[in-house]
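Two complexes come next, and they have one chain in common, subunit A, joined by subunit B in the first and subunit C in the second.
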Partner chain A sequence: MSHQHRHNQPSLLETKDLSKRNLQSWLLSAPSLIWLTAFFSIPYLIILIYSLLTPDIYEVKFLFSLNAYRDIFSGLYFKPFYLSMRLAMITTMLCLLLGYPVAYLIARSSEKWKNILLILIIIPFWTNFIIRIFSWRIFLSTHGVMNEVLMALNLISSPIEIIRTDLAVIIVMVYVYLPYMILPLYSVIEKLDFTLLDAATDLGASNRQAFFKVTLPLSREGIFAGSILVFIPALGAYLIPQLVGNQNALYIGQIITYRIKNIPRNWPVASALSLVMLIIIAMILLTGYYIYQKRRIRKLHENR
Partner chain B sequence: MKTGKIYQKLNLTIFTLVMVFLYIPIIILIIFSFNNSKIVAGWKGFTFKYYLLLFQNAQIKTAFQHTLIIAVTSTLASTVLGVLCALGLENKRFSGRKMMSALIYIPLIMPDILMGVSLALLFNFLRVQTGMVTVFIAHVTFCLSYTVIVIQSRLAGFDYSLVEAAMDLGAKPWLIFWKVKFPLMLPGIIAGALLAFTLSIDDFVITFFTSGRGFDTLPIYVEGAIRRGTITTINALSTLMIGFTLFLVVVTKRIRKLLLT
Partner chain C sequence: MEDIRIENISKSFDGFLAVNEVTLSIQQGELFSFLGPSGCGKTTLLRMIAGFETPLTGRILLGNQDITQLPPYKRQVNTIFQNYSLFPHMTVYENVAFALRIKKLPSSEIDSRVREMLQLVKMEDQAAKYPNTISGGQKQRVAIARALINKPKVLLLDEPLAALDLKLRQHMLIELMNIHDAVGITFIYVTHDQSEAMSISDRIAVMNHGNIIQSGPPDDIYERPASIFSAYFIGETNLIPAEVTAIEDDYVDLKCFAGADESFEIDSTFHFRPEVGQKLTVSLRPEKIAISRTKPRILDDINFVRGVIEDILYLGTHTQYIVKVGNLKFRVFSQHKRVYFDDKALDWEEPVWLFWHDSDTWLIDEVTPAGLDVGEVNVFERPIQMSRGIKRIIRSE
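Our next item is the complex of A and B:
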């Protein structure tokens, strides 16, 4: 406390040194600041501008128009948004249900096993994204490996149609995003004080009670981080629905891509849809941040 | 205690299932790359044919070259920017710290499609011809956050006693940086660079939006081949790419060990 206090009122010499260091920090981060402003922030401004223009077959006419927003609010794009939200939610839930036991098991293994198991989780994650999706196509397709094996074993008489359904999309989404859930969960569970768990069971709590009252609340931050890392990218999924999904019920990522790439193009609508997605993401993040801050303040009060 | 055993068994079962789930598609892909058949279904005998076809395919060769050029250049650029930025953020009292952190963390979770669309429109707005340069810019943009975070996390656990010792001995700041600090930072820099490299060779969506016609990277080529249905060589290509990834993982481990001992 006193240490912090002293730094709040620095001496003259310190102030000079601090402002020099501050300037140094600005100079060092300036290239990244400029790069990200130019190629990450400003492009969203361009999206905003393009959403207010008139569509053309190939590009845009620089004429003000609100038609893109009229289209969106007419409910034409309600279903793709609903499908994407649903997909992101189901994917997040399944990743959590499958990822938690895995993260828990890794976190409680011996040091040597921990490293081996973590690498086993990470290797598929490092394997090329598109190749992983492609391998699922081989596995799930009507005359694919799964159906051939099941039929050879006489478990089914005709192939199961999984490819080109929402189920196929969910399977591959969980496959791709699972490590994003496991790793943050692992890093939180690993730091857990397991003596608390022993204390709870010693005091007569059943294993289930101990899990729900001690382990789960203490790993909340990992659950939160993992869910955000899965949910938000899942919301914009394009390639997975495109390669294994049902082409009669498109997700929002596909619609945006089609409006950008396929002729006749409609860039204003694609831009407006992207903005709506951005607003949904911003709302999720802000809510998450708000809850997190509130919890932190409460914790500070409790500690006092 | 009995229920505890059941939970442990359940955990182990789920773990095993997840492992099978993670590896089955990859293993099948590898096996089928040696299958002597035009279509994927059914085993028709062992062959190396598709690996040979792969090396004769000029399109794959150019796509491979493009992928490497983009990966190497964007890794270099994002690592240099990342080192500088991480050094800047090291100062806890830096007045732009909060803003810079936000600017670095937000791109991490943005869906690829939003970054792709926004960059595509930016390049259209500026009337820039899409191609190698635009893909390079896009790749540096999404790699930068990762390199900064990886390098920064290494700096956070930094042993300053060595730097202080060098200062006490009267070394010049630049000399301290190159002789003491930089070597200590090196494992973090290499880890960040390798991550950037793998992210770059892996990317499809953002490249899809920012590459023009005639500038295909490997993922773009693979997607096109899947769409056209000419997929037999893709199995072989995929297997080689998986092998390359494993190679990178091993190299990372080795380098880390060498640098840490």
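Our next item is the complex of A and C:
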């Protein structure tokens, strides 16, 4: 509002102020702008160009072609897209279901315990990502720790085949991405005014009703942030399915890698798939943002 | 009719006794206050009535029903919280409707009852707003409407005005009294502000260290404090260490101590029969003392003592004089009426006479704690006297 006002009737002083402030903000954001241009915009431009070229055995022919997109939209890659989407959704849901109680518990702990528990959540990050996945591979494998222990305890008679299944992928995905869900949830729940729960039960709500009517709606922003932080990397998952997953049903991240790695190579299809992924993620984010903004505007409007 | 009965209620937190075997009855329709300094156990007591805390000992009766073990959502008691605790994600309307939505009433009934409640608190035109866009006073009104919509038998108010500024507080206090008259249910009010409690309550319970020190109507507590703490905490008073020297039919002679070897004699009516030689404390309210540079002519039933003005505090409606008598510091309130003794204003360092009617001295059957006469408040911070039973229960916890 005040911004518009300024544009309509800029006084000399204000204009000068404004341009000075503009210059300042440009200067301040220059490093990140340069960074993003060099390592995000330009690479994606290259990918866009590659997606519109003709494949060759090793490289590309500089001939315009829409074949890559034709392949994608003809449904050739529907299954990996579907698998990736399903994996990302299941991972996000499980992280939310497992992470919420943990975040809640930490947020309601005493100050001393809060720090200890938060450090425990963060500690796995100190170990290399690939080493952690390999550990899981050893742990879950047919003659791995898990099966040996279960058999020694006579809980099972023959090893459970988990390794190289979708279940293994989900287990490891949830393990890896859980902290990304817990931390934003924690930061929102921690700020929650718990006397609101007293108020809810005072007004007749059972503990369960109080949770669903007060706690959960008020932790919406944490759920949203955590879900995005888990969903987006989960959608492009490559390493985890590659190391512990079923090699007969490939996820989109693996497909993209194979199109570049395996000969004959297909750079245009790999590039087009990457772009489609980017667009899907951008659309999900924008939809979320739009819903959020609409709520905000509606709230403001109602308050007039 | 008795509405709430608290029997032998105690509560401890980590071995610290917050409420110490309190027994109390509150009548139907009464506006009852718990008054005391922070940490005296008043909020804990309120939270036990609401059901947020479980008592260590004793029971709470609502009407004839024992509600000690009932969860908050099953009690016909609602609370107004210190910071209102309005749900920030709901409109004013939805906040007020909350209790009825939980009950799953038809929306037409909800609507008419919400409108009725909002009208009671004069918030009809703010129904669509969110709590963070309305003022403190308005939040207070919404909290009242939200708590009353479920037609509770008792409304609990936990320092409801603490977050408001003075003018608004005075205004809301009158509103609360009007609402109390309109709905006719029992209000239990917790506050540390004695003027708030005095002006609003039918009865007050003065609390300290988990005990009820005294309970009764405001004027009773003010005029007839049962202990040094009540006298000290409610209003302002002069507490003078004294010894009984003689007992007559309707008054006693007292020797008041004003330092190591300084003393003065006064007379006092009495409400309990002390013994000669007994040490006790005299409470003398500052507004009951007259101050003059000339000695009063009427001497019957009047006590007088000579002192020197040490400080003068001009307070608009009245002036407070600090008058030194030996090592005692008398506080004296004098209203600005220039029709009485001295028309020339009193000045610093001026010798003056203090005098008061002997029925305005109030005897308290307690020895004056050392340091109180020079304004040390921490004399009240002595440990709680626990009964053997409570000690055992706390130990075994």
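The rule is simple: the second predicted complex is superposed on the first by the 279 of 304 C-alpha atoms of A that agree within 3 Å, B and C clash if a C-alpha of one lies under 4 Å from a C-alpha of the other, contacts with A are read in each partner's own complex, and residues count from 1 in each chain.
One rule holds in what follows: contacts are C-beta pairs under 8 Å (C-beta built on N, C-alpha and C of every residue); 3 or more make two chains touch, one makes a residue touch a chain.
Not measured: the values here are computed from a predicted model.
Of the two partner chains, subunit C is the only one touched by A:Leu218; subunit B is not. Between subunit B and subunit C, B contacts the larger number of subunit A residues.
Applying the stated contact rule after C-alpha superposition, one finds that A:Leu27 touches subunit B and leaves subunit C untouched. Using the contact criterion defined above for the overlaid structures, shared-chain residue A:Ser206 touches subunit B and also reaches subunit C.
Of the two partner chains, subunit C is the only one that A:Asp198 touches; subunit B does not reach it.
Overlap of the subunit B and subunit C interfaces on subunit A comprises residues 206. Residue ranges on subunit C touching subunit A, taken from their complex, read 50-52, 71-73, 77-79, 81, 83, 85-89, 91, 98-99, 102-103, 128-130, 133, 146-147, 150.
For subunit B in complex with subunit A, the residues that touch the partner chain are 3-4, 7, 10-12, 14-15, 17-19, 21-26, 28-29, 32, 39-42, 81-82, 84-85, 87-91, 93-97, 100, 103-104, 106-107, 109-115, 117-122, 124-125, 137-138, 140-141, 144, 148, 198, 201-205, 208-209, 218-219, 222-223, 226, 231, 234-235, 238, 241-242, 245-246, 248-249.
The touching residues of subunit A, when paired with subunit B in their complex, are 18, 21-22, 24-29, 31-33, 35-37, 39-44, 46-47, 49-50, 59, 98-99, 101-102, 104-105, 119-124, 126-132, 134-139, 141, 143-145, 148, 175, 178, 206-208, 211, 228-229, 232-233, 235-239, 243, 253, 256-257, 260, 267, 270-271, 274, 277-278, 281, 285. Residue ranges of subunit A in contact with subunit C, taken from their complex: 193, 195-196, 198-206, 209, 213-214, 217-218, 299, 302-303.
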